[in-house]
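As C-alpha cells, here come the structures.
Presented sequentially are two complexes of chain A, the first with chain B as partner and the second with chain C.
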Partner chain A sequence: MPEVLRSIFSVDFVYSALRLTTPVLFAALGSLVADRAGVTNIGLEGIMLFSALTGVLGSAYSGSLFVGMLCGLVTGLFIALIMAYFSLQMKADIILTGVAMNLVATGGTVFILYSICGDKSVSTSLSSLVFPTIEIPLIRDIPVLGDILSGHNLLTYLSLVAVVVVWFFLEKSKPGLRIRSVGENAHAAESVGIHVRRVRYGALLLSGALASFGGMFLSMGMLTYFSKNMTAGRGYIALAAQALGNGSAIGTFFASLVFGCAEALSVSLQGVGLPPQFVQMVPYVATILGLVLYAALRKNTKKRVRKHKRRKRGSP
Partner chain B sequence: MSDYILSMEHITKVYPNGFVANRDVSLSVEKGEIHALSGENGAGKSTLMKVLFGEEQPEEGKIFFEGREIHPENSISAIKMGIGMVHQHFMLVPSLTVAENIVLGMEPGRFGYFNKREAFRRASEIIEKYRFSIDPRERVENLPVGDKQKVEILKALYRGAKLLILDEPTAVLTPQETEELFVQMNLLKAQGHTLIFISHKLREIKQICEHITVLRGGRTVGTARVADVTEQEISRMMVGRDVMLEIEKPPAHPGKTVLQVRDLPLSDRPDAPTISFDIREGEILGVAGVEGNGQSELAMSIAGLLPYKTGSIRLKGKELRGLSVRKIRALGLSHISEDRMSYGCAADANIEENLFSTTIYQKKYSRFGLLRGKLLDRRTDELIREYRIKCSEKKEPVRMLSGGNIQKVVVAREFSGNTPMILANQPTRGIDVGATEFIRNKLVDLRTNGAAVLLISADLNEVLEVSDSLLVLSSGGVSAYFADAAQVEEDTLGEYMLGLRQMTAQEIGGAVHEASD
Partner chain C sequence: MKHRTKDRPLPTNRQIETRFTLIRTLVAVGIALAGCLILILVVSEEPWDAFVAFLIGPLESGKNIATVFETAAPLVYSGLAVSVMFSCNQFNMAGEGALYIGGLVASAVAVKLSLPIVVHPILALLLGGVAGAVVCAVPGILKIKLGATEIVSSLMLNYIVLYLGVYILNYFLIDPAAGFPATERLPESAQLPTLIPRTHFHVGTILAFVLCAVVYLYLYKSKQGYAIRMVGQNEKFARYSGIGVGGTILSAQLAGGFLAGMGGASEVLGSYTRFQWVALPGYGFDGVIVATLAGNNPLLVPLGALFLGYLRVGADIMSRRSDVATEVLSIVQGTIILLVASKLFLQHIKHKYIVSVAEKRESLAAAAPEAAPEGGEANA
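Let's turn to the complex of A and B:
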C-alpha cells in the first residue's frame, strides 16, 4: 500500500486531480446556473457528449480550433434550447426531457460518428485539433506548486475563471438576482414583472454553454479524439457536485475538486493490481458517500440554526 | 364623482367553466380613505380585486381610476397605473434581503450590474418615508409574519402605488401585529394613499374603515358608512340572515377525564416552561394566548406529530409517547390542524378522498380488499349535506373550494367519527362568519353530547365564547387558569396573555382535576 500512498502524495496526483476536475466542474457550474433558476438540467451528460463529438468534427473539417469550439458551443446551446422548448414551452417534465436527451446522445453520437468516420467507437480517423496547454510564466518556476498549477490545458484554466464569473454573475448581477428569485419563488418574481420563462430559458442556455466546454475538454484536451460514451456519467456526477456545493459557485468548485480527486485516485489505484472494474467504481462510490455526508451535515446545521434563532428570539 | 379615485361599474366576470363570480358588481372608493370590501368566502371579493389588478378580464363593466377609464391587462400594467396589491400569500423570495425584495424587478445598477448599495439606500429611504420599522439588510426568511407583510406593502409603495389592495392582511397576524398594521395603514392614509381592506372581521372593519362594501353570492349587497351600521347589520348583509354572534350554550356537565397532560414542555429549549391539565367529558378547555407561546407544540405533541421527551400525555389512560398518528387517532382523537393546507387536507385530492383519508383503512370501508365505492359515495353525500359544503360535486379537488369550505371538509371528517377527544387548533382562522358560526356551534354540540374538546385559538372572542374553562399562555408559560371562561373579562385576559399578570402555581394547578398516579 505505501506505493499507493506515494502515488497519492505526489505532484502528478494533484496535477491530474486538477485536470480531471475540469469536465465535472464545467458541467457542475452549468447545473448550478440552471438549478438556481429552479430547473434541474439533467441533460448535462447528453450535452457534453454531443459537444465532445461536434467539437472534434468541426475542428477536423475546418482545420480551425476556433471553428471547432464554436461547433461544440452551438451544439450545447442548441440542445439546451430543445430541452427548454419542450420543458418550458410544451410543459414536458424537465427530468424526463433531460433523460431523453441523454439517451438520444448515447445512440446519436455513435450514429453520427459511424456515418462520418465509419467507425462505431472512436474518431481517430479524423485529426482533431486540441486546445493548447499553457505554461504560466513565473508560477512555472516555483518548485512543486509550479508543476501542479502550470502546464494545464487552456480549458482547465478557463473552468477556474468560469467559477469566478459564475459566482459574480449569480451574486452580483441583475440577471443573477432574477435567476435566484425565479428559482426560489417564481410567483414572487412574476408578481413584480419578471418574465419567469424567459429567465429560465436564459439559465438553461447558459447551462448548456458551460456543459459544452466540459464535453470539448474530454475530446479536445484530455484526449485528442472522440470515443463512444466518453462522458462516462460525468454529467450525473456534476449534478451531485452541484448539490454538494450548496448552491454557491465556490462550493461547487470544491465539490467538483473532490470528484476530480476521486477520479485521480481511481487512475492511480489501477497501477497497484486491484481489479480495474473495482477501481473504476471509486468516483461513483464517492458520489454516493458525498451525497449522504452532505445530507447528514445539512440536517445538523439546520437544527443548530433553528435552535440558535429560537434562543435569539427567546431573550428579549 | 370627482372625489372617487376608483369606480368599478357593473362588473360581470364569468369563468370559463360557467361560474359567475361577479354579477353586475359596482364599487366606488373615495380618494384617501380606507374602504372595506367584505363578504363570505366565495362571495366574489377576490375575483373583483383580480379584475382590478389585471389578473382577470371582466366580461362586462368599466373601471375608472383617477378619472380615466382603464383596462388593466395584467398585474404589471396595473402596477404601472399605480395600483398595488398585498397578497394574502406573500410573494417574497425568502433568501433575499428586505431591500432586494423591495427592488426586485426594478433593480438599480447599470450594464447588468446589481448595485446593492443603491438598493439599500432606496429601500431605507422608502422605509423612512412611511415610518416602517424594519431592517433593509435582514433576510426575509428571518422575519416574523408581520414584518413580511410590511415588506409586501413596501414593495407596492416602491412601485408607486396610490391605491393599495390588502387581501385579508390580518388573517395571519397576532393581535399586536394587527394593531401595528392599523397604525401603518392610518399613516399611509394620512400621506394620501387609498386603501382597500378585504376582511370579514367586523371588529376590525369598525375600527379602521370609513366605508364598507359588502358582496354576497357575486353581487353587491350595498355600500355603507361604517359609522352608520352596527356589526349585526354588517353580518346580516354578508350572510343574508341574522347571525348569532353569541352562541347558545347549555351549561357544561364535565364527566370523567379523557385527556391528561402532565409537565409537557412548551418548546424544545432545555428551560422550557411546561403545562399540565385535564380535559373531561363534556368540557371545552380553551387555550388563549399570543401565538408562538407553545400552542403549536402542544397541539402537535398531542396529535403525535411532534415527539416529546419529557412529561406525559394520556388519552383515556393510555400514554401517547411514541405512538403513530394513526394509533392515536384510533384511540379516539380528532385533530383540526392550524395548518389547513399541509396537515388538514390534501389539496389536490377530491372531497371524498379527504373525507375518508383518516379512516379508509378501516374494515367497514372495504370488501375483499377493494373499497366499497357506493358506501363511500353515499357517506360523502350525507356529509356534504350535513356540513353544508358548497361544491360542484363530490369528486371536486379540495383546492378548488373556498377557504371556509375546505375547513368544512376537514371538520366534517374530524367531527363525524364520534371521537371522545377533539383537538381544535385555530378551527375558524381565515374563514367567513357563516362557516365560523357553524363550526363553533358544532363544537358546542359535540361537547354537550359528551366529547372532550381542547380549543386553541388566537381569536379572543372565540375562546371566551366557546370555552367552558380557560388556560392562558404567555411567553413565560401558563399564566392563568379560569375554571369558568364566561366570567373572564377581555382586559384581564389581555394582561395575562402579555405576561403582565401571573397566577400562582396553585391557582394554575386548578386545571388538573385528577391526581396523577
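Let's turn to the complex of A and C:
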C-alpha cells in the first residue's frame, strides 16, 4: 500500500491526472454549453469516437496535422448538426437521438475503419500525426511545478484555455446570455424575441466542436492511433462531470479533474496486486459516487431553502 | 348511417393514427435500408451480391429462418425490458448490465448446484432474473431517493457490472482447462433443450415470445401497469391522482431488470456450452431499438425483435460472403431510431389526410342532413 501512496503523491501522478482530464474536460465543456441551452447532449460519446477516427484518417492521408484537426472538427460539427436537426426540427426525443448517434458511432467507426484499413480494431496501419507536446519556457524550470505543468500535449493546454473561454462566453458574452436565457426559460426567451431553436442549434454545434477535440486527443495525443471503442464511456463520464460542476465552466473543470484523478488512480493501481477488474472499475464507481453526492447535496440545499422560506413566512 | 353504405366507411382518427404509425415505421426502415445500400455500393467490390446476401440470405433455408428466431430471442427479452422501463419514462440503460449479470448468475447456478432436470434451468432463469432486477433497481433508487439522472448512472453501472462479472468469472467460476476465460461446461440438466436440431432454437426462444403476452397483460391490463404508464405519460398528474410515483418507478425498473436478467440467463443456458462473456454483449442497447420500433408495446416487441434478428442474420451472412463488415448494421439501426423517434417525420402528410377525411365527412353530413348528427361525432 505505501507504494500506491507514494505513486499518488508523486509528480507523475498529478501530471497524468491532468493528461487524463483532457478528453473528459473537452466533452464536459461541450455538455455544459448544450445543457445551459436546455439540451442534454447524450451523443458526446459518439461525437468523440467519430472525431477520433476522422482526425486520424485526415492527418494520415493529407500528411498535415491541421487538415486532420479540421477533419475531426468538421465531423463533430456534422454529427451535432444531425442531432440538432432531428431533435429540434423533427422533434425527436433528444435522449433517443443521442443514443442513436452513439449506436451509429460504435458500429460506424468500425465499419469505416474496416473499409479503409481492412482491420476491425486498430488503425495502426495508418501513420497518424499527433498533436505536439509543448515545453513552457520559465515554468519548465520551476522544480516540481515545472514537471507537472510543462510538457503536456497542445490539446491539454487548449482544454484549459477552453475552460476560460467557455466561462467568458457563457457568463459575459451576448450569445452566452442568450443561451442561458433559453436554457432557463425557453418561453420567456421566446417572448422577448430570442430565436430559441437557432440558439439551441448553435449550442449543440459548439458542444459538438468541443467534444471533437476530446476525441482527437484520444487518438492523436494520448495514443497515436484509433482503436475500437476507445472513448470507453468518457462521453458519459463528461455528462456526470458537467452535472457535478453545477452549471459553471470552472466547476466543470474541477469535476473533470476529479475524474482525471480517478483514472490516474486506476492507472497507478495497476500492478499492486489488486484484481485488475476492480482497478478498471475506479473511474465508473467515482462517477456514480459523484452523481450521488451531487444529488444528495442539492436535495439538502433545496430542503434548507424550503425550510428557510417557511420560517420567513411564519414570522411576519 | 346512410353514407356508410356508399363505399367503405371513413376511417376514424384513431385508425388513421395507427395506420400512419405503421407507414412511418415502414418508410423509416425503407430509408435506412436504402442508405445501407448506398454505403455498400461505396465500399464493396460486389455490391449487388452483398446486398442480396443481406436481404435474402436469412430466408434462404429453414435453418437460417430458425437462426433468425434464435437471434431474435434475446432481443425480445431486452426489448420487453426496455419497453417496461421506458413506459414509465425512465431512460434506464442498465438492461445491458442486467442481461450480462443474468447470464453470469444463471451459469453459476448451472455449474455450482446439482439439481434435477427441469428444476435446474427454472431456478437458474429465476435467479438470473432476480440479479438483473437488482441491477436495474439501482438507477431507479438513485433517481427516486436523490434525483440523480438515471441515464448516466445506469450507463456507468453497466461498466461496473461488467468488471464485477469478469472478476467473478476469473476468480470463482473459471475452468482452467477451457483455455480461455470461461466457466466449466454447463451440465446437461441445466441447459434449455433445443427444439430444432442443429440450431439453437430452444425452449427459451419460445418462452421469450410467450412472455410478450404476459408483459402486455401486466402493462395494459393490471393496476400496476396502468400506474406505470400513467407515471410515464404525466408524472405530476399521476402524483396528483394519488399514485405512489416512487414505488411505481421502482417496480417498473425491477420488472424490466428481471426480464433482461432472464433474457441473459435464457441466452446462456440455451445457446452456449460455457459462460464466456468478457465484454458487454450489446443486447441491452438493441432493446432500445426494438422498443422504439414497437412503440413500447409488448405485443409488437416480437415483430421488432424478429426484424432486427433478420437484419442481424443477414448482415452476418453478408460479411461471410462479401467484403462488407457486419457493422454497417449499426448505421441502419441508428437511422431507424432517429426517424421513428422524430415526431414530425411524415407529420404533414398525416395532417393533410386527416383534414381531407374530415372534409369528406362534413360534405357527406351536409349532403345527408337527415343522418344523425352524432354520426360525425362518433367517427371522430
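In this text, the second predicted complex is superposed on the first by the 302 of 316 C-alpha atoms of A that agree within 3 Å, B and C clash if a C-alpha of one lies under 4 Å from a C-alpha of the other, contacts with A are read in each partner's own complex, and residues count from 1 in each chain.
Assume a residue touches a chain if its C-beta (ideal position, glycine included) is under 8 Å from a C-beta of that chain, and two chains touch if they have at least 3 such contacts.
Model, not experiment: these values are computed from the prediction.
**Student:** Between chain B (first) and chain C (second), which does A:D93 come into contact with in this model arrangement: first, second, both, or neither?
**Tutor:** second
**Student:** I'd like to know which partner A:R180 touches here: chain B for first, chain C for second, both or neither.
**Tutor:** A:R180 sits against chain B, while chain C stays out of touch.
**Student:** For A:K172, using the defined touch cut-off, is the partner it touches chain B, chain C, both, or neither? Pick first, second, both or neither.
**Tutor:** first
**Student:** Hey, is it chain B or chain C that touches more of chain A?
**Tutor:** C
**Student:** Should A:G193 be classified as contacting the first partner (chain B), the second (chain C), both, or neither?
**Tutor:** After superposition on chain A, A:G193 lies in contact with chain B alone.
**Student:** So, does A:A296 touch the first partner chain B, the second partner chain C, both, or neither?
**Tutor:** second
**Student:** Mind pulling up the chain C residues that touch chain A in the complex?
**Tutor:** Contact set of chain C toward chain A: 39, 43, 91, 93, 142, 146-149, 151-153, 155-157, 159-160, 163-164, 166-167, 170-171, 285, 288-289, 292, 325, 327-331, 333-335, 337-338, 341-345.
**Student:** Write out the stretch or stretches of chain B touching chain A in their complex.
**Tutor:** Counting only chain B, the residues touching chain A are 75-76, 79, 87, 90-96, 100-101, 104-107, 109, 112-114, 116, 142, 155, 159, 267-269.
**Student:** Mind pulling up the chain A residues that touch chain C in the complex?
**Tutor:** 42, 82, 86, 89-93, 95-97, 99-101, 103-104, 106-108, 110-111, 114-115, 120, 233, 236-237, 239-240, 243, 275, 277-278, 280-281, 284-285, 287-288, 291-292, 294-296, 298-299
**Student:** Provide the residue numbers of chain A that touch chain B in the complex, in ascending order.
**Tutor:** 172-178, 180-181, 184-185, 187-189, 191-194, 307, 309-311, 314
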